[in-house]
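Structures incoming, each one as structure tokens.
One chain, chain A, links the two complexes that follow: it is found with chain B in the first and with chain C in the second.
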Partner chain A sequence: MIYPHMLNIVQRRNIHPLSTLIITFTYIFVVASFHSYAFIEMIPLSLYPIAMIIFCRLSIRHIKHVLIASLPFATVIGVSQLLFIDEHILFFHWYIEARWMAFSTFVLKNTLAILAATVLFLTTPIEQLAGALLSLRIPRFLVIQLLLTHRYIFLFLEEAKRLREAYMLRAPRHRAIKLSVWGSLVGHLLLRTFDRAERVYEAMTLRGFSIQHMHIKIKRWTTEEMIYTYVTVILFIVYRLVVI
Partner chain B sequence: MISVSNVFYVYPDGHEAIRDLSFSVQKGESIGIIGANGAGKSTLLKLLVGLYTPQSGCIVIDNMRMSKQTLRHIRQIVGFTFQQADDQLFMPTVYDDVAFALRNDGINENEVNQRVANALTIVGAMHLKDRPPYRLSEGEKRLVTIATVLAMKPKILLMDEPTAALDPKARRTLIHLVQELPHTKIVTTHDLDFVLECCERTIVLANGTIVYDGPTENVLTNEPFLHEHHLELPLMLQKKK
Partner chain C sequence: MHMADALISPTVGMAMWGATAGIAGYSLKKLNIEADEKKLPLMGVLGAFVFAAQMINFAIPGTGSSGHLGGGLLLAVLLGPYAAFLTLSVVLFIQALFFADGGLLAFGCNVLNLGFYTCFIAYPLYKQLIRRTNIWFASIIAAVVGLQLGAFSVVVQTLLSGKVELPFTTFTLFMQPIHLAIGIVEGIATATVISFVTKTKPELSPTIEAPMNRLIGTLGLLALIIGGIFSSIASSKPDGLEWSIFHTIGTDELHATTAIHHAFERLQQSLALLPDYNLKSGGASIGWLDIGTSISGIIGAFIVAVAIMAPYIIKKWRREA
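Right after this comes the complex of A and B.
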């Protein structure tokens, strides 16, 4: 009975930010809590982000880019598993090297956590997330720091894109930016984004912005949304407790 | 309404941008500030909203001398639109951007709704209210930036190069809008035709000082003077060669 309601909530892409936040944190916690060789046990957990991507009709392209960007970091950190583990474990009927199982599990954990976080950011505007954090009693100045950092990241990316375009137009034969100009380019990028961020901040202060008075909307949590959250969180926890 | 007396402003790098500047503005006046690049036009506007603090001199707005204590109140009565509209629009939707200042003031949502609708209707941008600002055209962004300050019900409007990067139609829309707004207006621009149409008084700046302050028509028809200050006759006054 409740399930069609839940689907409806998800499909409207209008999930309460508090629900998405609690579910995502629980999900990441559950994923991270599995032991180092739990590769198979974790596969069913991939259903959650996949279901969210399908129901919320999220852009696969966006998600693909995020995953590709995170993969090198996960791989580099995961390599430590290959260096320090030296034992064999039973995998179905075969004895295999544990290091490879640990490495694969680590990359899978990372991928699932990044997927869940990406789903969170794609389904919930940052202002609503800020409201959800406030309703969880996170200190106001931390929440505003998060909002301003989020704004700065976009200014940074925008300026970086302009700089890259300007470089590529004047270096049409280069496939990438030359190593020798990286220093100057990054320096310029930082100075330009600082300037831009300052102008945006000036625009905010002229319109009465202050940390104490910044308006952050906190949406009401409906019973449906509450049930959807509890059911999903309980499902994750039960799965974690059953599959040890 | 505005009184600027003997104001000096030097940038941290030592560049003297404003030198001994004095002028006053009466209620309802519409003033164009023109001059070559680097003459101090944008610096002057930023001084008038307290984004920069003068090293000496005094600025009085609506009978309040500008100081840390009065800044908040002064900013409520002075609306400032930036040269680059993108710097001023930072919320996820046009509605949220126009409502930003009102919500910061703690105004209740019903009144916010009413004032946002009113401001967007004045600038003719009500149909854009749910759009993300970064997806708008330059002309639409310009209208929305004006709506963001109109929502605050300011007495004075300061506009930094409002017609920059606008196509002719968007520019014409803006000219009509500025002509209709009853506020006291100060506009810095290189668009001399805009000044001719919208401002009855013009101030010409050169190297941070005032070299002309008087009726617009007198200065914008004085070709030698304009040339001397890196300007030229407005296009509508230039004879076809």
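Right after this comes the complex of A and C.
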């Protein structure tokens, strides 16, 4: 009876941000708590991100990019597992080299944690996430900081890209910018940042901004969403307690 | 140096979240943003600037490789330690959430490793050095110290989590030299930008802000060094009382004989976080340095500091209430 409601919530891609936030943290907490050889035990946990990707029709392209970006880290630490473990463990009826099990477990754990965070990011717009953080009593000032930084990050990334391209077009043989030129380039970017901050402050003041009165919409947590959250969280915790 | 969730245990992750929340609360209180609302957009925009500046690589002369600005020290110099710590926390949260760079559970670890040491240890050092030397020397030394402490902290957090089988010595010997090189590059990059701003717009030259009581800071650092390094040497030798007992009855500890003694001994052993000044699971060692004892020393110093400070903090809270 509850299941069709929960499916409806997920399929509408309109999950309450607080639900996604709590579920993601519990999920990562549970994944991180497994021991170094718990490869088989962690496989059922992959159902959560996979289900979310399918039901919410999340961008596979973005997920692929994020996973590829995390690959160097996973490889370096995973390979170190291969180098430093020298024992055999019982896997069903066979004795196998523990190093490969540890390597696979580490890669799976890293992938699951990244997938969960990516699902949170792709299903929750930043404004809704800000509302969820406020309802968790995170100081308003920090939440406004989050919104401001997020607002300007993509603008500045564009600007940085243009700066780099402009230099590379003028110095095609250079693989990176010369330090003396770099100082001036980044310095100018910093000065423009100060100017922009000044303009933003003036615009905010003119519109009567104050930290306490800035409106951040906090969505109402419906009973359905609450049940969905509790059921999912309890499922994760029960699974962790049963599979030791 | 961003740690991923797969590297740490939930216990370590949550403990570091708690520590980060405490420092962020303290920074918010010290910052008093209501009095200086102008800092709000500046912090947001500078956070985005640091992000963008990391995209612009520069060539490292004579090596054929390139580096980029980390930005922690630069933020501390431009904004002061409290605002910089909060800005870095927000930047790291965005990195973890939108770019999967560093985990959500490991967020507390990353804020401490990249933010705390830079803002509350490297920056005060920079402040002291800049009065005696030049921007370049101060920046390089401060960046190296901040990154070395951060890198060591990564090693300790990984070791305490016990999720990967990296030996302490190998991991430390791998992390510290790499971060020495990164620290030097970071120092040079920071100094380049600061000296450019100082020359171009002297009115924007950063103001130096006192981050904490100098005496408490120095004593805290001393306690950590003594707890971390010297406890390893000291604890292997018997103390005066143990020495006397050994020469009197041939053993260095008196053993319980009655049932009550045994019951309390068992209770004490099960409750003790650091039995015999060592971690319950034991630990690795590098030469004379016993890691378990060293970490116990650091934890012990921290517990003592908290115990001493607690009455003052409670008294202050009551007075404010």
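Note that in this section the second predicted complex is superposed on the first by the 183 of 244 C-alpha atoms of A that agree within 3 Å, B and C clash if a C-alpha of one lies under 4 Å from a C-alpha of the other, contacts with A are read in each partner's own complex, and residues count from 1 in each chain.
One rule holds for everything that comes next: a contact is a pair of C-beta atoms (placed from the backbone, for glycine too) under 8 Å apart; a residue touches a chain by one contact, two chains touch by 3 or more.
Predicted model only: the values in this text are computed from it and were never measured.
K.L.:
If you count the residues of chain A that each partner touches, which comes out higher, chain B or chain C?
P.N.:
Result: the larger residue contact count on chain A belongs to C.
K.L.:
A:Ser184 contacts which: chain B (first), chain C (second), both, neither?
P.N.:
second
K.L.:
Just checking: does A:Arg151 make contact with chain B only, chain C only, both, or neither of them? Give me first, second, both or neither.
P.N.:
both
K.L.:
In the overlaid three-chain picture, which partner chain does A:Glu127 touch, first (chain B) or second (chain C), both, or neither?
P.N.:
After superposing on A, A:Glu127 lies in contact with chain B but is clear of chain C.
K.L.:
After lining up the shared chain so the two structures overlap, which partner does A:Lys219 touch, if you call chain B first and chain C second: first, second, both or neither?
P.N.:
After superposing on A, A:Lys219 lies clear of both chain B and chain C.
K.L.:
Could you say whether A:Arg240 touches chain B, chain C, both of them, or neither, answering first, second, both or neither?
P.N.:
neither
K.L.:
Kindly classify A:Leu206 by the partners it touches after superposition: chain B alone (first), chain C alone (second), both, or neither?
P.N.:
first
K.L.:
Which residues of chain A are in contact with chain B in one complex and with chain C in the other?
P.N.:
151, 196, 200, 204, 210
K.L.:
Help me check something: in the complex, which residues belonging to chain A touch chain B?
P.N.:
125, 127, 151, 196, 199-200, 202-210, 213-215
K.L.:
Name, in rising order, each residue of chain B that touches chain A in their complex.
P.N.:
Those residues of chain B that touch chain A are 46, 49, 51, 72, 75-76, 80, 82, 84, 87-88, 90-92, 96, 100-101, 103-106, 148-149, 152.
K.L.:
Which positions of chain A touch chain C when the two form their complex?
P.N.:
24-25, 28-29, 31-33, 36, 66, 69-70, 73-74, 77, 80-81, 84-85, 102, 106, 109-110, 113-114, 116-118, 120-121, 129, 139, 141-142, 144-153, 155-157, 159-161, 163-164, 174-179, 182-187, 189-191, 193-194, 196-197, 200-201, 204, 210-211
K.L.:
What part of chain C is in contact with chain A in the complex they form?
P.N.:
Contact set of chain C toward chain A: 4-10, 13, 24, 28, 33-34, 37-38, 40-49, 51-53, 55-61, 66, 69, 86-87, 89-91, 93-94, 96-101, 103-105, 163-167, 170, 188-189, 192-193, 195-197, 200-201, 204.
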